[in-house]
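Following are the structures in question.
Next, two complexes with chain A in common: one pairs it with chain B, the other with chain C.
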Partner chain A sequence: MKHVFGVQVGPVTFRIGSAWRKPITQLQALYRDYPKDGGVPDFTVRLAPLRPWRRWIRPAVAIGGDFVIPDAAPLPLDQGLLAAEMGMNLQMALGQRRFLLLHAAAVERDGCAIVLTGESGAGKSTLAALLQGRGWRLMADEFVLLDPMTGLIHPFPRPVSLKNDSIDVVARALPHSEWGPLISDTPKGTIRHLVPQAHAVAGAKSPARPRLLLFPRFCAAPDQRVVGAGEAFVRLTQASTNYVVLGERGFLALTRLVSDVTRVAIDYPDADTAAAMIEGLW
Partner chain B sequence: MTPALTLTRLLADATAASSLDPDAWTGVLGVARAEQLIGTLAMRLDGLVLPRRVAEVLEDAKATALEGRRQALWEAEMARRALSGVIEPLILLKGTAFAAAGLDAGQGRSIGDLDVLVPRAKLAQVEAALLAHGWVWVKPDPYDDAYYRQWMHELPPLVHPERDRMIDVHHTILPLTARRTPDANQLIANAVPLGSGFATLGHPDMVVHAAVHLFGDGDLSGGLRNLWDIDRLLREFGDEEECFWTELGNCAAEHGAADVVARAVRLADALFRTPVPAGWAGARPTDRMFLRRLLARNGWGQETRPATRLAFYIRSHLLRMPPGMLARHLWIKWRKSAGGKERLQQAPR
Partner chain C sequence: MMDATRYRAPQASDLSMVDLDELVAIFHRASGITHLVASPVPELLIALSGRWLTLDGIEQEFELVDGNRAGLASIMDELVAAGLIERRA
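Coming up: the complex of A and B.
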């Protein structure tokens, strides 16, 4: 392909090829501090026009790669960076086999990790981003990688995809952060990517032992309750994109995780309250 | 050498692995993934010393293939239980058959739907038994359903929603509209029992089916993998059975498939260096077009050679049905899709 970018995020390497220069330039800026990679990649992402003339006329970016969904809608070229990020997510969701993949965020302190999981809109990305300002290292925003052999969480510190109101909330709380461009009018509203803090990117090789499994929910009245191992197990099977294909390895990894950690659901009205609750549980 | 050609060389001769540089590996793995041959490649190169990154990618592919094999065999067992009393033994086709019979062709192979062959006279009973055991129709469209029942070589596809697996119930191996008419009764009569309630086609029939599927139907999508199946089958049966090649010739002639089987043998020889008896070897001028189509993919996993692809796409429809019937079929399909779009546009937002 005409324009190429290779990058390593935690233990995973990507090769992204594009028919246009712009998405690659944007990736180079967003991933400026990540290790570049030109070796044999784990995954390939392709950004190409669906029909040849769509390279120039109303350019539309179809997301391709080693693993694809057949009828994914193309995005306008202005959203090429988002297409690249979605393409990388898709490779992980459909192709990752080395780690059990949990749709969750994770932060680390003292070598131990909190895994934050919940449905989309529960506020886990926002909370994980904000915890960075309170002494936590961001390990993952979208995908938590659980090593079935060791039970450790491996960092996958991709830029944090923040949406709509949470962009301003995080920008106020972390005023010196690096950001990608503002991408408006996407199917999910306005999106902007927050570059994790320098020690998160630099520490992308240090795994952590999971200690706390949190089911956060953004809610006016603060509350917390213990979650049973069975409920946590079932909710995490639903939050995993590769639990079934990993077979017995996935089952063993997940049963071990839920029995080793403290499991709590919290309702939090703001980041301060959430941080205080987490300190109390830690 | 293109990455696709490098992949075929590597599959045929694993020792070539030591001569590849990282860029060549990247291309080979890209093609292998796109052609669903990565699990096969992983098994072929298993045990060799490989660059660390390549070894990691192939280790994942191997684990995926082994898990896929386990799930495919489990699905076959589920179908066998649902059909016990109606069909015994259950004749498996394609990937599941290779895996169940422990054939080389099944090593690392990705397996999609479960394909089985049953006598046409038992179709209604088979259908009822599957529906009673939780399978449901995938295509609720009446035209598609009627088309399948009147003209196709299989029931409309059924899916088991709990396990999310499809089953294709064949009563012969080519659409009834095709010019070729293989003898389905002969296929069933020559089936080889595996014990445990399963059977496969007879070995020459297995090759005939693979060749007919590859060159007598379809547009050669995924053709590289199907040709690899044929190479493995020819090697394994040719080694073990003295009269195999004679039987293959007779069997191909009986099913009216001598030309496609001969082409499959020639192309397997050309791409994978299959050991082939003197009478079968050689090349025909048209083989080059087929090779062009089989290798039409680049190191990014993208389809290439659009004109060749289009030609084979058109060819596939001409093979499948006479032109008049094709025109009617495409017209109905087009009107339905256009009508569907109109309805979508009119739908309130």
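Coming up: the complex of A and C.
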């Protein structure tokens, strides 16, 4: 590819190749403080035009790589950074075998982790980002990596993908943060990537023992309830992209996780309330 | 006279069972499928592990004196459909 960027995020290395310079420049800025990787990567992403002339005329970025979804719609070049991030997610979702992947966020304190999971739009990314300002280290957004051998959560601190109103909420709460460009008119509205705080990137090789499994939901009336191990297990099998592929390793890792942690669903109207609830559970 | 229908569960070594509060998660190694079940299913699977039993035999095993035969047959049908129990007429 004409333009190439290699990076290491936690235990995973990526190489992103692009027919255009702009997405690579944006990646270099977003991942400025991450370890660079020029070796053989775990996963490769390619951003290329559907037809050669579409590099210049109405340029559209098709996401390629080791693992692809056939017939995925290309994105406009303005959303090239988003295409790169989606490509990296796709490689993990379809190709990761070493870890059980949970669609979740995670934060750490004192060597122990909170795993925040829930459906898209539940506010887990926003909450994880905001907890950074309250003494927590961001371990992951989007994918939590659970090691089936040890039961530990391994950091995968990619930039946090924030959407619409939550962008301003987090920007006000964390005024000195680094951000990627504002990406408008995506299928999910406006998206902006928040660079994790320095200690999250620096601590990307420090795993943590999961202690609390949280099912947060952004909601006007604060509430909390204990979630049974069986319900938590089912919800996490649904939140995992590679549970089936991992077979019994995934089964044992997940049953162990839900058995070992405190499991609570919380409804929170704002970060202060959520943080107070979490302190009460910690 | 027709033989009674018999049922058999996989050997214990073919299943991985983990208690999750009031439920039991089961990984069936032969199919790679995960099941989440409640009592009396785990007890039935243990009782039928690697041996054929009729409904009479199951009732005796569990000392089911009231004999809700239709309920038991229905559970066995569900387990057959789930692939956790074999049935032989």
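One rule holds in what follows: the second predicted complex is superposed on the first by the 282 of 282 C-alpha atoms of A that agree within 3 Å, B and C clash if a C-alpha of one lies under 4 Å from a C-alpha of the other, contacts with A are read in each partner's own complex, and residues count from 1 in each chain.
The definition used in the following text is that a residue touches a chain if its C-beta (ideal position, glycine included) is under 8 Å from a C-beta of that chain, and two chains touch if they have at least 3 such contacts.
From a predicted model like this one, the values you see are computed outputs, not experimental measurements.
With both structures lined up on chain A, is it a clash or a fit for chain B and chain C?
With chain A as the common anchor, chain B and chain C both fit in the superposed model.
Mind working out whether A:P187 is in touch with chain B, chain C, both or neither, as first, second, both or neither?
neither
More residues of chain A are touched by which partner: chain B or chain C?
B
Would you check which partner chain A:P70 touches, where first means chain B only, second means chain C only, and both and neither mean what they say?
A:P70 contacts neither chain B nor chain C.
Let me test your reading of the model: by the given contact rule, A:T237 touches which partner, first (chain B), second (chain C), both or neither?
So A:T237 only meets chain C here.
Considering only the touch criterion stated at the top, classify A:F251 as touching first (chain B), second (chain C), both, or neither.
A:F251: touches chain C, not chain B.
Measure off the angle at the C-alpha centre of chain A toward the C-alpha centres of chain B and chain C in the combined model, and quote it in steps of 10°.
If I round to tens, I get 60 degrees.
Should A:P175 be classified as contacting the first partner (chain B), the second (chain C), both, or neither?
neither
With the two structures laid over each other on chain A, which partner does A:M1 touch: chain B (first), chain C (second), both, or neither?
First partner only, chain B.
After superposing the two complexes on chain A, what is the shortest C-alpha distance between chain B and chain C, in Å?
It is 6 Å, taken between the nearest C-alpha atoms.
Which chain A residues lie in the overlap of the chain B contact set and the chain C contact set?
247.
Okay, in this complex, where on chain A does chain B touch?
Against chain B, the touching part of chain A is residues 1, 13, 15, 17, 38-42, 44, 46, 48, 64-66, 97-98, 245-247, 249.
Report the residues of chain C in contact with chain A in the complex, numbered from low to high.
Chain C residues touching chain A: 16, 18, 20-23, 25, 27, 29, 32, 34, 36.
Chain A touches which residues of chain B in the complex?
These residues of chain B touch chain A: 22, 25-26, 29-30, 33-34, 51, 53-54, 56-57, 60-61, 63-64, 67, 70, 300-302.
Which stretch or stretches of chain A touch chain C in the complex?
These residues of chain A touch chain C: 228-230, 233-234, 237, 243-244, 247-248, 251-252, 255, 258-259.
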